[in-house]
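Below, each structure is written out as structure tokens.
Heads up, the next two complexes both have chain A, just with different partners, chain B and then chain C.
== the complex of A and B ==
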């Protein structure tokens, strides 16, 4: 008989790791899988070995604490392991993995998907110039290798992440040439009541802003990066002020910089759940297209549960609490008594309120395509400009799938993660339809590219299970 | 308000679109309706192989004509005539190859048998373990992703209206013909052509006709861009592999390995137990393929009836209703058989015989 795990957890960020800790307290067999080398996810990413002596931060401390608790719990971990497909076979879920160039499969009675979020691109002229990185991507640089994006960086984006990144750059000895955020001070004030749900987090965010102001870092509220200049490397950016609806206003501001952290907001990673058969719906307030799941993590697919940012961007604190709630749901599913915990649920609701307010800030005034000129590259993998995509829509390709088929937008290595929101926006604009009607392209496995040799492995030709040939 | 058309075509795949174009050029006013987008069913996700070596013997004359149509469509559909090799690796496969390709050559396909050395000098990256092989210079491929784009353009040019996201949910009759219900205003037409691919059965059932349509769920995969590794279309004696490297360097791998799902559920799933042997076979044929990463695998629904010959003609028992589908190798043959179907509906006698949808499917139709 093959080995069957009771509960497998994909993603060892705050959501997945805390879920594993809850499951680890029971008798059932669990397994925590992540493609990174260590648990921690995006927010609590572990440092590379070379920089272990670097000073601790709240993130690194929480991460270390989590990793210690995981080690002490005896939860089985499979790190450096990518999940490339999930399928239902009879009573079980089969999780297909890729590790050290070898494909493997795991059978599990229940699966918790806690695959987190991905960062959206913000296509503006010059965004593909070397020296431009994602805003969330920048945090990975700091945490993993304490590298700075450059000597003088413009940090641009919505929500709290822009201030976190700017203050980290300063803490690590870099210069922030400017902070640029489409949000206004009034946007933040309007969110204050919800943020009071977590005064501790509010306080921390306030400190980042205070630090930047004390250091006289210019903060451009209600502005966005309109273009990046430089041929083979960044030499500066041009900003513009935004109207309330996000459209650019005249009056450009130029700023010299050698690097740009450019955020397009976070969107839930829905692909794994989609491949497992979970439907999606459009919830801009939660980051865009999200998987349909109940707040306790259950989905329409039996034995499949979702936790953390992958079912709506609510941030790390909420993710950590959600993981614990969803673990209980999964335990009940496999027949383990596990009472729900009202205090936990209350804490989760508070953290969600804070997190959702942050996501709302990120969505506000953000137009994924509003600043792209006709010549701006929208699909990076296939070098497709806004104009090329608009022409395709004009010729009648009025769905994400149709634009993908006609122009290859989404057929490159990123699988459409960077361009699909922009393409949907362009269709909506041109066709005068709501974004909620423009579904993302049909998901295709593998979730991550897989070498053919890893799948084929060593085999004898005679052992291939060849079906009957086609009729003559 | 409802509209009146000479003919409503249910299904905007290659069959429905090709027939619509012929009907329009013959003077009728058709409308094409699709539940999704044009060319996003089988016609938009198939492997795009245009190979006479994998066509059924009796369909060879249609496939030869199909190749002429593809050559005419040319760059707009990514057509390339590259030639193709079919390989056998075991004695058993070699026998199968000889038997099958001989019959196909007799049916008119320019297929020749070639030696292992000829194969390797043309395609040095193929495995040395070829036992027998055949070659057809007519073979090649087109880019099925472009089906929707191409036919949308052609229909617009011909002023043929089409509706996307317009599923036909029931069909009634009035004195002048058919009334198609779609959720929007009903669409009226004197005639109808059912070209709903793997969904023909439920659509025919709307008219009370039971068509014995089944669906296979074929798997296709594509790799990232690779340096040039081979130039022709590669097939396997059993038909269980088709492989081509596109101009942009990506390699497309098919062969009809079965995924999971039904057209009714609308969702097809790639299953590893099919994908892995499909890719293994491909890597066996082309060892360097092992280095390529697979970027995407997908499935599509291919319709058939028990004798695996087309449905092309009048819908039994329903005057003015026609059906076209279930053509094996239907991407290759579609543009041609769609034209024949158009001729038939226009009242002209088609250049080649059609396939009576009212026949006895249990009898061998050959």
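== the complex of A and C ==
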């Protein structure tokens, strides 16, 4: 007989890890899977072992606290394990994994997908130059390795993340050449009422901005990076002001820098849920295409639940509460008594309001493709320019899938994660259609690169430490 | 000058530096540090050439998705942002 897990949780960020802690309080057999080496997710990513000591931050404290709680709980964890396919077989979900170069399979009665978010890209000329990293990507560099992207960085992007990154660069001893954000001060003022729900976070953000101002770091409100110069490394960027509708205005500003943190907001990671057969819908206010799920995490697929940012970007605080709610839903599904908790749901709704206000600020005011010139690379994997993709659309490719098969945009090793929203924008522009009509391409397994050699021998899950089966 | 965000750089303690190579060039990096971060720190940003136009590329997403930081270690292609530095690690690039 195969080992069958009652509830598998994919993603050990705030959502998945708290879900695992709730499930771990019951007798049921659970397993928490993550491709990182330690739990924490994107927001509470753990430090490399190269860091012997470093001042604590709110993120590192929350992450350490979560990891301690997980260790004390005895929840079974499979770290450094990538999920590359999920499918239904009879009564069970089969989760295909890759660990230490070996593929494996895991059978589960219920699955909670808490795969979080990824960064949206905003193609501009030169954004592929070494030295340009993602804005959210920069936070991974800070949290994990406590390293800077360069000596003098331009920090560009939307929402609170741009100020967090600039502030972290200063905290780690680097220089911020400029902060560039499409948001205006008026955009921020308009969100103040919903931000009042979290005065602590408002205060923290206010400090970041005040510190940058005291240090005379130029903050370009209502601007965007238009191009990056440099051959095999960044030497500078060009900015432009944006009109209220996001179109670039004339009058370029040049800034010297050796690195750029460039962000275009976050988008939910929907691929795993798509593979499992969950439909998607367009919710730009929640980061773009999100998986269809109820607020308690249930989906149209039996035994499949979604938690955290993967069903709409609402931030870490909301994700942590959502994980607890969704864990209860999954427990009920496998026949464990688990009452819903109205106080928890209220707290989640409150946290969501704050998170959604932040997401609204992070959704690009500028048309994300508006700054890409015809020769700007849009699909990094296949080096396809805006012009090449437009030509494909011109010749009749009217869906993301068609562009994918015609030009291979989205067929590269990233699986289209960093070009699909740009391709959709180009189709929308050229065909005069709404973005909500242009669905992301259908993902095909593997959703993570799997070396052919890995498929040779499966490993045995009987080796895993697992709690005793529940008496169900 | 008043700083509301203190400079913590002097308070970070790291593991010992160990030798590793990138395309045969000797580099030093902190043991167990994320490889993409260690390469960046050593001034190596150009990790591969893009297919098609051959343009230089470097780490971008830092979360194992974009595949821009892929290098070869022991003949296997791996994302450098998902690997760590160990003494004598021999990294080959796609340059």
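Just so it is clear, the second predicted complex is superposed on the first by the 454 of 472 C-alpha atoms of A that agree within 3 Å, B and C clash if a C-alpha of one lies under 4 Å from a C-alpha of the other, contacts with A are read in each partner's own complex, and residues count from 1 in each chain.
Convention: a contact is a pair of C-beta atoms (placed from the backbone, for glycine too) under 8 Å apart; a residue touches a chain by one contact, two chains touch by 3 or more.
This structure is a prediction, so every number in the text was calculated from the model and none was measured.
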Should A:398 be classified as contacting the first partner (chain B), the second (chain C), both, or neither? first
Which of chain B and chain C A:207 touches, first, second, both or neither: second
Which of the two partners, first being chain B and second being chain C, lies in contact with A:94: first, second, both, or neither? first
Between chain B (first) and chain C (second), which, if any, makes contact with A:413: first, second, both or neither? both
Winner on chain A touched-residue count between chain B and chain C: chain C
Contacts of A:449 with chain B and chain C, given as first, second, both or neither: both
Tell me which partner A:277 touches in the superposition: chain B (first), chain C (second), both or neither. first
So, does A:345 touch the first partner chain B, the second partner chain C, both, or neither? neither
Touching both chain C and chain B, counted on chain A across the two superposed complexes: 412-413, 449, 451
The chain A residues in contact with chain B across the complex are 85, 87, 94, 96, 103, 105, 275, 277, 392, 395-399, 401-402, 404-406, 408, 411-413, 415, 442, 444-446, 449-453, 455-457, 459, 461-462, 464-467, 469-472
Can you list the chain B residues touching chain A in their complex? 36-40, 44, 54, 56-57, 89-90, 96, 100, 103, 129, 145-149, 152-153, 156, 164-165, 222-224, 237-240, 256-258, 260, 267, 269-273, 275-277, 279-284, 289-298, 308, 328
The residues of chain C that touch chain A in their complex are 1-15, 30-34, 37-38, 40-41, 45-47, 50-53, 55-68, 70, 76-77, 81-82, 84-85
How about chain A: which of its residues touch chain C in the complex? 35, 42, 48-55, 101, 118-119, 128-134, 136-138, 140-141, 144-147, 149-150, 167, 170-173, 207-208, 210-211, 214-215, 231-233, 377, 380-384, 412-414, 417-418, 448-449, 451
